[in-house]
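For reference, the structure discussed in these notes is given below.
Which chain is which? They are A, B, C and D, in the order written, and residues in each are numbered from 1.
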Amino acid sequence: MSDTSSEVRRWIRPCTVIWLVLMALTLVTLGIGKLGLSGTGVVAFIMTTTFIKGQMVADYFMGLKQVRWSFRIITLLYMVIVCGLILVAYMVGLNG
Amino acid sequence: MTHTANEKAALPPGDLAIWFFIYAELLVFGILFLLYAFARSNNVELFNSSQDLVDRTSGAANTLVLITSSYFVVRAVAAIREGKVQLCSRWLLATIGMGGVFVVIKLVEFHAKFSAGISLSTNTFFTYYLSMTAFHFMHVLLGMVILAAVYLKNRKGGYSAAEHRGVETGASYWHMVDLVWIILFPLVYVMR
Amino acid sequence: MSEAFTKSMARNIFIGGSLFFFLVFLALTFDSMGALPERDHRENITPAVVNGKMLWEENDCIGCHTLMGEGAYFAPELANVYDRFGKSKDAIKAFIASRPAEGIEGRRSMPQFNFSDKELDDIAEFLKWTSEINDAGWPPNIQG
Amino acid sequence: MQYQSQSVSKLYFIAAIGLFVGQILFGLIIGLQYVMGDFLFPEIPFNVARMVHTNLLIVWLLFGFMGAAYYMVPEESERELFSPKLAVALFWIFLVAGALTILGYLLVPYATLAKMTGNDLLPTMGREFLEQPTITKLGIVVVALGFLYNIGMTILTGRKTVVNIVMLTGLVGLAVFFLFSFYNPANLVLDKYYWWWTVHLWVEGVWELILGSILAFVLIKTTGVDREVIEKWLYIIIAMTLITGIIGTGHHYYWIGTPEYWQILGSVFSALEPIPFFMMTLFAFNMVNKRRKDHPNKAAVLWAMGTGVMAFLGAGLWGFIHTLAPVNYFTHGTQITAAHGHMAFYGAYVMIVLTMISYAMPHLRHGKPANSEKAQVIEMWSFWLMTVAIVFITLLLTGAGILQVWLQRAAEDPMPFMVAQEKIAFFYWAREAVGVIFLVGLVVYIASFFAGGEPKEEASS
């Protein structure tokens, strides 16, 4: 029983930190939006933070960090492909 | 949940069937996101000017709400893993409550758009904006229904430290709803 | 380790998922119904158009032609025939009326339906109205 | 065969095969009319022959579904059919009504048929696939209700298995969505919008439930794999079917006057429609690999696996190639659609009915699980003949379609429809030739029923 408890706590603590990090990153994104910033660097920055946010949710909240790679890689690939292609689309738009 | 820290589980938490559903949903949203992004690249001006009409603050507020709710449901799963049924119920209720807050903020936002005469057919941006956010909105509602079912079962003592797969299943679905919004928010509300 | 996924969960996803997407579908249908009057110009559906559609159906025109791309692929698209015939109802009427009863040797030919002038007029009205529906710019060109 | 009342299904299967022959003969007629435009004109014009071709297909598949239900529901429910007499009576009513309708198409001009049957009272005729006189449609509703009552009572008072419940859900859905065929507003856009509720929600919705449950039944019987495993798969597959297929209806709402957001939603969801078909293929092969016994009816197993593969190719892959709105803009209403239609109907629905017939007929005729080796070899020959023929028909129509799109829609100086048709006549001739091979396959199939020989016993596992 105590084994379970300590294990649960090992999972909760990083989740709490991540919750706060996610909130902070969201506020940063909002700030960028309020300022109406645009450009390659800004878009790349936002997509990178979005990727990190998504991975945090998948790995920690969903708990996929405790699961074998075969499953973890699905969400990882998903985030890479979706964020990557969105970035590509924006680059096309900026240059075009 | 008997695996230790260095021994990885073979399958993700919750019933594997919900993961089929989660992957299918992620796929749908993923394709929608990419369609949006590429439609935008053909029509940057229109998208940028229309984007000025959406309410970034409420979008961000909803992101905060969903992230928080996602964290709450993590606590609910943690509670039931330790066999704390009461505590789990409370966290579940808090999660559903946050879902309710999301719904209210979103409804206000939709109302403002519809009052301004904006509809699915206004222009390409609003077609995407409304169909993606409305579609996600319905997933929030579905997630709340699922969590409510989990909550009711838990209150009747249906879950324990040994058997709580239903809680994990509902939580996994809810995280998916959160994950999708985390991409949706910067994409539709912020990036230009 | 218990089984990877349970039958009851699979069932719940089937029932819940289907119900959910059917509701989404109904909501979209509701929205479409609201948007249609702008696109189909229903205010122009005169009794002649109504009768024209009836004649279209009672002679199974869809059995050879497509109309907005739906139907059989044996004979030309007719949603834009009014435009193709130079926006002339008379051209449409003359074409239908002039089909040889015994067909054309070796070639596809439309049957002779022996329509009255009023009936020809109604069919042409129906095709004219159809050509004015906003169908998102389809077909790609005048040939249909 | 464990229950006496299962034997009513034999009637349905025989009728299905008989109508199948008629469908193929009329298919050959319209195939020929594509290249010899005056063939049988003006006695049997193209539209009439095509109507017979498509309506016979629908009717014989319905006979097949009903036969399948009458065979498997008693066995699954572990009780006799609620009313075998009703099943026989409905069979004759449906057959006579169907035959009269087909004769009506062939003997009098369609407009006369419409007048005779009072189409002006409740106009429902003259829309693709729903050409039946209103009175026939009402007859179909009556037969469907009687059938559902019979099957429903059997299921609800017997053992409730997932296979049965899914079958019943599919059949109820079939009946419910048919009701939209009675809605025919004067506004063409509305007419088309709800026409698809019958047509799309049948073939890309509830019919797939029927398909899934028949496939599951045959796999349970022939592989001996644990029912629990098969039933879970069945649920997941049909869940994916409806999740993708319902909004997938949107791929029919691109160019018929409906709002343009359907181009996005229809593309996204219908692009996912191959997933359930792919899962079905995996499912069939997985179960056969995991089999706990070698069933003596090899032909039935071959049909079952064939269904998985061909349904994926025809409905999944060939559906996908023209389902995205930007592609569909050019391919909509061309021979590409015809290519997809042929392989999808054959791969999904023809093959599943033939799977069930192949599995059930030895029981019904000899009380044994399998036909003689000789009969099975002949049947498997017919499988390959028909399947390879449909693959080539599909490829040829796809070729015709690509050329048609190029000449008539994409070229700088687009050709008129009829000019383009003449340029692609070669493909139509080749298609007709392969059609004859399909007919040969069908004749071989029927010959397999008369091959004789000693029926096989259950092999000891």
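Going forward, a residue touches a chain if its C-beta (ideal position, glycine included) is under 8 Å from a C-beta of that chain, and two chains touch if they have at least 3 such contacts.
What you see is a predicted model, and the numbers here were worked out from it, not measured in a lab.
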Any idea which chain sits dead centre by C-alpha averages?
D
As a quick test, compute the distance in whole Å between the mean CA positions of subunit A and subunit C.
47
List the centre-to-centre spacing of subunit B and subunit C in whole Å, with centres computed as mean CA coordinates.
40
Distance from subunit D to subunit A - Cα centre to Cα centre, in angstrom
46
Listing for subunit D: what residues touch at least two other chains?
232, 235-236, 239, 243, 259-260, 265
For subunit A, residue numbers touching 2 or more other chains are none
The positions of subunit C in contact with two or more other chains are 5-6, 10, 13, 17, 24, 31, 35
Would you mind giving me the full set of chain pairs in touch?
A-B, B-C, B-D, C-D
Inside the complex, what are the residues of subunit B that reach subunit A?
1, 3-5, 8-13, 19, 23, 26, 30, 33-34, 37-38, 40-42, 44, 48, 56-57, 59-60, 63-64, 67-68, 70-71, 73-75, 77-78, 81-83, 161, 172, 175-176, 178-179, 182-183, 185-187, 189-192
List of subunit C residues in touch with subunit B within their complex:
1-2, 4-6, 9-10, 13, 16-17, 20, 23-24, 27, 31, 34-35, 38
In their complex, what parts of subunit D are in touch with subunit C?
30, 33-34, 36-38, 41-42, 45-48, 50-51, 110-111, 114-115, 119-120, 123, 125-128, 131, 162, 184, 186-193, 228, 231-232, 235-236, 238-239, 242-243, 246-247, 249-250, 253-260, 262-263, 265, 329-330, 332-335, 337-338, 408-410, 414-418, 420-421
Residue numbers of subunit B touching subunit D in their complex, please.
17, 20-21, 24, 27-28, 31-32, 35, 120-121, 127-128, 131
In the complex, subunit A residues that touch subunit B
1, 4-5, 7-8, 10-12, 15-16, 18-19, 22-23, 26-27, 29-30, 32-34, 36, 38, 42-43, 46-47, 49-50, 53-54, 57-58, 60-64, 66-69, 71, 74-75, 78, 81-83, 85-86, 89-90, 92-94, 96
